Amino acid sequence: MPHRVSYRVYYEDTDSLGVVYYANYFKFFERGRTEYLAAHGQDVAELNRAGVLVVVHSLTATFRKSARLGEMLDVVTGFEVKSPFRGRFAQRIERDGELVVEASVDVACLNPEQRLIELPASVRALTDS
Amino acid sequence: MPHRVSYRVYYEDTDSLGVVYYANYFKFFERGRTEYLAAHGQDVAELNRAGVLVVVHSLTATFRKSARLGEMLDVVTGFEVKSPFRGRFAQRIERDGELVVEASVDVACLNPEQRLIELPASVRALTDS
Amino acid sequence: MPHRVSYRVYYEDTDSLGVVYYANYFKFFERGRTEYLAAHGQDVAELNRAGVLVVVHSLTATFRKSARLGEMLDVVTGFEVKSPFRGRFAQRIERDGELVVEASVDVACLNPEQRLIELPASVRALTDS
Amino acid sequence: MPHRVSYRVYYEDTDSLGVVYYANYFKFFERGRTEYLAAHGQDVAELNRAGVLVVVHSLTATFRKSARLGEMLDVVTGFEVKSPFRGRFAQRIERDGELVVEASVDVACLNPEQRLIELPASVRALTDS
């Protein structure tokens, strides 16, 4: 089962077209990934202190609908290990069950010297089932 | 009794000094004002549709402590009507009861033509007692 | 020839990993698209006033390197009309000629009622040659 | 003579009221302080690497006018040393010579352990005359 977490749209998220600014959806997606990991016992700040930096390597996103001030958005997040070095988050933002934005976000892990390292065993063990 | 609402600190809120970026605290304060108003029956998006734009006229803020990734911050918000045209939010951000940032935020209301108008009666009726 | 415009990295762009936050690169890309259009006689604010909202429909991005506080980043932007309803920006962010992030951003046009409309003739006429 | 630097308003800066979001003006002010310091030989990233973190301690701001998408804003910055531990930036944002926002921003310096330290001699030597 994918993980769900909800956030209200505030002024900070909107732009002068009256809708959520496209770059800000990536903040919602990152909140969803952080809460997914926390729900699975992986604290991002602790991983950092342990020398593991989870970073976005690549992503695709499709914007289906516009969200507006005051609306509640659900961030839905699933995760799949693609290789020892790569994980993929399948994410979508919904409003009352309607798809607003969907994204596929590939992450990798760096050490503090910005060198690629394997995903920690605790992350490689994650499955959504 | 002042209103309280809590938010986690995400990457989006931090900067390269490892702490919450000063301008981003004003997003937390604005979330607190929006939720304060909602808790008192005043929906900001509905006020906008009714032609009432609540805007910040002036503010002061003092930054006491630094907040960091993953921490939970409480936004504490009180409100006082200062005149028919001016309301003042007394706000602070706390972490486990410790003061992080405090602010005093004066707001006014504009009509869609950006002219100053009186605070709506429903807002002038607000008190924290 | 693709269009180039440069911006410095400020604190607002960074996060607690000490690098530019991934979502903020999309602000740089949007600045690049706006300046590309301006350089070709298309003012985004004027298009809005004329009832033409240029919005992002979908995108892909790959993050190759990390950028840091104080660095100058070049946003390089090309444009191609894909259909009467769709344009594609090929964009990259460079630092001293080194690729930092690359993106492909598909845009469409909406009218003020959020209905899909054709790209304006002035936009369909754009080529980078 | 105060220091001046100009920036265009992009979508990222605006909100659904059609104007620049109040918290985002503090990004403009911080850009102005960074460029003021750079113009006076003080590179913020280098100061950080030398263990000097310039942070905002307190501020006041008054919002006089609204700025909109596509407008050019001038950030005007002056600086005054108030004590060995405190500097004050007097800043304003102008549009075609008209005052939009004015702010007074007090800064202090921390070491990497977040302890208050004196302003570096190079900063204490700054004057606008």
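Each chain gets a letter, A, B, C and D, in the order it is written, and its residues are counted from 1.
One rule holds for everything that comes next: a contact is a pair of C-beta atoms (placed from the backbone, for glycine too) under 8 Å apart; a residue touches a chain by one contact, two chains touch by 3 or more.
This one's a predicted model, so the numbers in the text were calculated from it and none came from an experiment.
Asks: From the centre of subunit A, which other chain's Cα mean sits the farthest off?
Replies: In terms of C-alpha centroids, the chain at the greatest distance from subunit A is D.
Asks: Between chain pairs B-C and C-D, which one is joined by a greater number of C-beta pairs in contact?
Replies: C-D
Asks: So how far apart, in whole Å, are subunit A and subunit C when each is placed at the average of its C-alpha atoms?
Replies: 22
Asks: Using Cα averages as centroids, what's the distance between subunit B and subunit C in whole Å?
Replies: Subunit B and subunit C have C-alpha centres separated by 32 Å.
Asks: Per the centroid of Cα atoms for each chain, what is the distance between subunit C and subunit D, given in Å?
Replies: So the centre of subunit C lies 27 Å away from the centre of subunit D.
Asks: Of all the residues in subunit C, which ones touch at least 2 other chains?
Replies: Counting only residues that touch two or more other chains, subunit C contributes 11-12, 16-17, 23, 27, 30, 48, 68-69.
Asks: By the document's touch definition, which label belongs to this structure's chain graph: line, ring, star, complete, or other?
Replies: Basically all the chains touch each other, so complete.
Asks: Which subunit D residues qualify as touching subunit C in the complex?
Replies: It comes out as residues 8, 10-12, 27, 30-31, 34, 43-46, 48, 68-70.
Asks: For subunit B, which residues are in contact with subunit D within the complex?
Replies: 16-17, 22-24, 26-27, 30, 48, 53, 55-63, 66, 114
Asks: Note which residues of subunit A are touching subunit D in the complex, please.
Replies: 11-12, 14-19, 21, 23, 68-69
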